[in-house]
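Structure, as structure tokens:
Note that the chains are named A, B, C and D in the order they appear, and that numbering of residues resets to 1 at the start of each chain.
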Amino acid sequence: MIDEISVRYFDNFGLKEPVDPIMIEGLPGIGQVGKLVAEYMIHMLGAEKIGEIHSIYFPPQVVLEDNGIARLARNELWFYRASGKDLIFLVGDHQSTSNEGHYLLADQYCRIAEDLKVRRIYTLGGFGVGHLVNDPRVLGAVNRAELQEELKAAGVIFNREEPGGGIIGAAGLMLGLSALRGIDAVCLMGETSGYLVDPMSAANVLTTLSKLIDVPVDPTKLNDRASEMEKFIERFVESNRVQKDEELNYIG
Amino acid sequence: MIDEISVRYFDNFGLKEPVDPIMIEGLPGIGQVGKLVAEYMIHMLGAEKIGEIHSIYFPPQVVLEDNGIARLARNELWFYRASGKDLIFLVGDHQSTSNEGHYLLADQYCRIAEDLKVRRIYTLGGFGVGHLVNDPRVLGAVNRAELQEELKAAGVIFNREEPGGGIIGAAGLMLGLSALRGIDAVCLMGETSGYLVDPMSAANVLTTLSKLIDVPVDPTKLNDRASEMEKFIERFVESNRVQKDEELNYIG
Amino acid sequence: MIDEISVRYFDNFGLKEPVDPIMIEGLPGIGQVGKLVAEYMIHMLGAEKIGEIHSIYFPPQVVLEDNGIARLARNELWFYRASGKDLIFLVGDHQSTSNEGHYLLADQYCRIAEDLKVRRIYTLGGFGVGHLVNDPRVLGAVNRAELQEELKAAGVIFNREEPGGGIIGAAGLMLGLSALRGIDAVCLMGETSGYLVDPMSAANVLTTLSKLIDVPVDPTKLNDRASEMEKFIERFVESNRVQKDEELNYIG
Amino acid sequence: MIDEISVRYFDNFGLKEPVDPIMIEGLPGIGQVGKLVAEYMIHMLGAEKIGEIHSIYFPPQVVLEDNGIARLARNELWFYRASGKDLIFLVGDHQSTSNEGHYLLADQYCRIAEDLKVRRIYTLGGFGVGHLVNDPRVLGAVNRAELQEELKAAGVIFNREEPGGGIIGAAGLMLGLSALRGIDAVCLMGETSGYLVDPMSAANVLTTLSKLIDVPVDPTKLNDRASEMEKFIERFVESNRVQKDEELNYIG
């Protein structure tokens, strides 16, 4: 029988011994904020793929890549050797389709962190507010009280009103489950409408994360994409305004 | 692999030997009646938390506490040493998200009761009637016929018409599953609309339970909250009435 | 951990050795036809309860009996010693809430049949046609071609057009799964609207089954209930007709 | 307990040693394209049934065959000995009802392929475009880049725009899961509206597949059925057009 969850490391990873590694999770979620940040960092830093995760809890479909090759839905592990602190990225196509699968997958991710002696996990996500946000803040959550000061110093907002309902999926569960394994974990959530893929929110999360882990990542391209998005939204809002004016003229 | 359900007792509990204990279950449910009663008792009696239950059958999310710390959704066990009869409280964030999980969790709760040599289980809940209730009654169910007399003497209503459709979730299943382990169990259900958190109904259940277990609990604060709720509802009903009158005036 | 499905025989059954037994399944389903027939037979023959089945695949709730006692949702086994051929009845509160549970429960029922050396299984159900039926027929299905002749001789209809979409739940699955264990099985389906509990349809299934197993069961009370139902429907149809006429008068 | 998935080979298959076999999957799906092609080939080639697959992940119902015999929902394996390359067909009533079941079943199919030393798997399906298609193309996907050339030469379209969202169910998962076992796999998808059973699309897939595996299959009867379907649609479209004209006349 196929494993419910399988983790496979590539051979290239066998030769490396991660040094004091930090794990950065950026799976699909609200506004794709976490995914945008983690995949952008992988791209800009030139990280190396070291492993893949398959699971019967992902949607039952294959992903078609540009060259017509089908592959299983999967999550991926990427590695970047920074000076004195290695980064492990967890990114991928999907989260679980079932409630129980969410727990089983998130626990597997934490076990990977434990196996690789990860000293801190950063989970990245979006915090949906239901309206467009001009200057999206970065909200935080931690799995140990002592972690807050450092985050506040980096401008992360801790607000007892937000987010009221908890954090759903891997970004949340990894905080709770890693605590059981004695691993520190932090969740950074970019404020976002929740309606659109949000590179603006992602750019702010990137800036905060980059500062926190002290690994510089040139944000230019993400900012460019955010600017394009902003212009697109402005045009959209403007055309809506014009249309409404015209309707008013018509009525008037 | 993570356990489907895990029960962890705190070290503080190791030193105690529960004396003839009674278990009181007050998990989330209709009108939050059971939750209100059990958590109020824990607060007023100054009970001590002795353990936590985690499960993949809870919703896949973490709860954010006021201080920005995320923790897994969980159920909790609390302990109160009354003279000659200890109380074990079972409270928590959630019930199961799946049908099968409901059975597996309720059976685990009954196993805890068996392990702790609990002599009787009280499960608390709301009985939704679909309309506001002025003087909510306390309805009962038992898992052994001999338990009825004592309850009737305490004013608990047994009405073959109510509740017709059975009792759903932990409050019901624990009655059925504890019978298989030879443990007596009683369900107290506060009549409630089902639309609102209902401290009025909870206050009546508290009074009945307190009498039955002969552990006095000052109901003042719960009654206060019930009075506030009552005023809130009166104002709401009044403002609706006024609004309707105005609408009639407007039409007239 | 609680068993997914548990079967418990009562002590009274230990002393009996079933002789050439026939199993009759009448679980809840379309028009409650199967349930009506099996429970009526149990009542009229004075069968004896010999066991109970509990499962996490039943709905997560307890059933409240008239005396205020809560019990787990369950299925039941009943025994009746006819001359030379014993009857085993399978009845109960619910079928499975999940697709997989349907298979696991139905297979368990077939294992019980195998353990008790059942020589034939009759599963009973309703066949919903979506409109009121004046003289409901009894449709059949078998799990071995040779079984048809005997059924046709008893007036059971085999019509390749009906029921096109297969037979859902225990009444169907037990035919398929018992074949894997080498047990003959027959499904009798009473034609029924599908909208109402249907004692008329049940009475016809009872007559057919009684003839097939050569165990006389006085159908009077079921026929009485069918007559009452018929009168109720006639009054309902009549009052609808009158109402429509009045509406027409009003319009006219 | 019943197996979650059971595979049973018939005795007739024990004597054969498949030679360099190709597996052709045609389970139910969009437009029933894959099912039409595989079942047509089985019929026209006179393949022999060699095994059956049952599973608790199929819908919980039995299928009624024309002769009134009920049988479990199942998938089937058929065998055809071509010169120098045997064909194994995988067809059946249903796919999985649950996400996890899709993975477990597709992996079981790939294990069968591995056990039978299958050298290539063809999965067949429909590619729904949401509108009627005059000359339906055959789109492809592969699980290894080197497989594309041969398919392109046979007229199969690889278009990075299509199908954007991946391939759902067995036809997709078998590509991904067989790659883990080192088996080449190709998916052929007939363009189809997605609203109707589509023998036109199936005929094109058949022609392509027949060429690729170099096993001639007379397409006449499938083409006939496609022609009938085409006429039916033409009449339907025409009658709709006439009706609209009449409506316009009525308005005019």
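The criterion applied here is as follows: a contact is a pair of C-beta atoms (placed from the backbone, for glycine too) under 8 Å apart; a residue touches a chain by one contact, two chains touch by 3 or more.
No experiment lies behind these values; they were computed from the predicted model shown.
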Same-residue or different-residue interface between subunit A and subunit D, half as cut-off: different
Distance from the mean Cα position of subunit C to that of subunit A, given in whole angstrom: 54
Centre-to-centre distance between subunit B and subunit A (centres being mean Cα positions), rounded to whole Å: 38
For subunit B, residues that touch 2 or more chains besides their own: none
Topology of the chain contact graph, where touching chains are joined (line, ring, star, complete, other): ring
Pairs of chains in contact (touch as defined earlier), listed by label: A-B, A-D, B-C, C-D
Contact set on subunit C toward subunit B in their complex: 1-2, 4, 54, 56-57, 59-64, 66-73, 97-98, 101
Contacting residues of subunit A [partner subunit B, same complex]: 96, 99-100, 102-104, 106-107, 140-145, 148, 158-160, 163-169, 172-173, 175-177, 179-180, 187
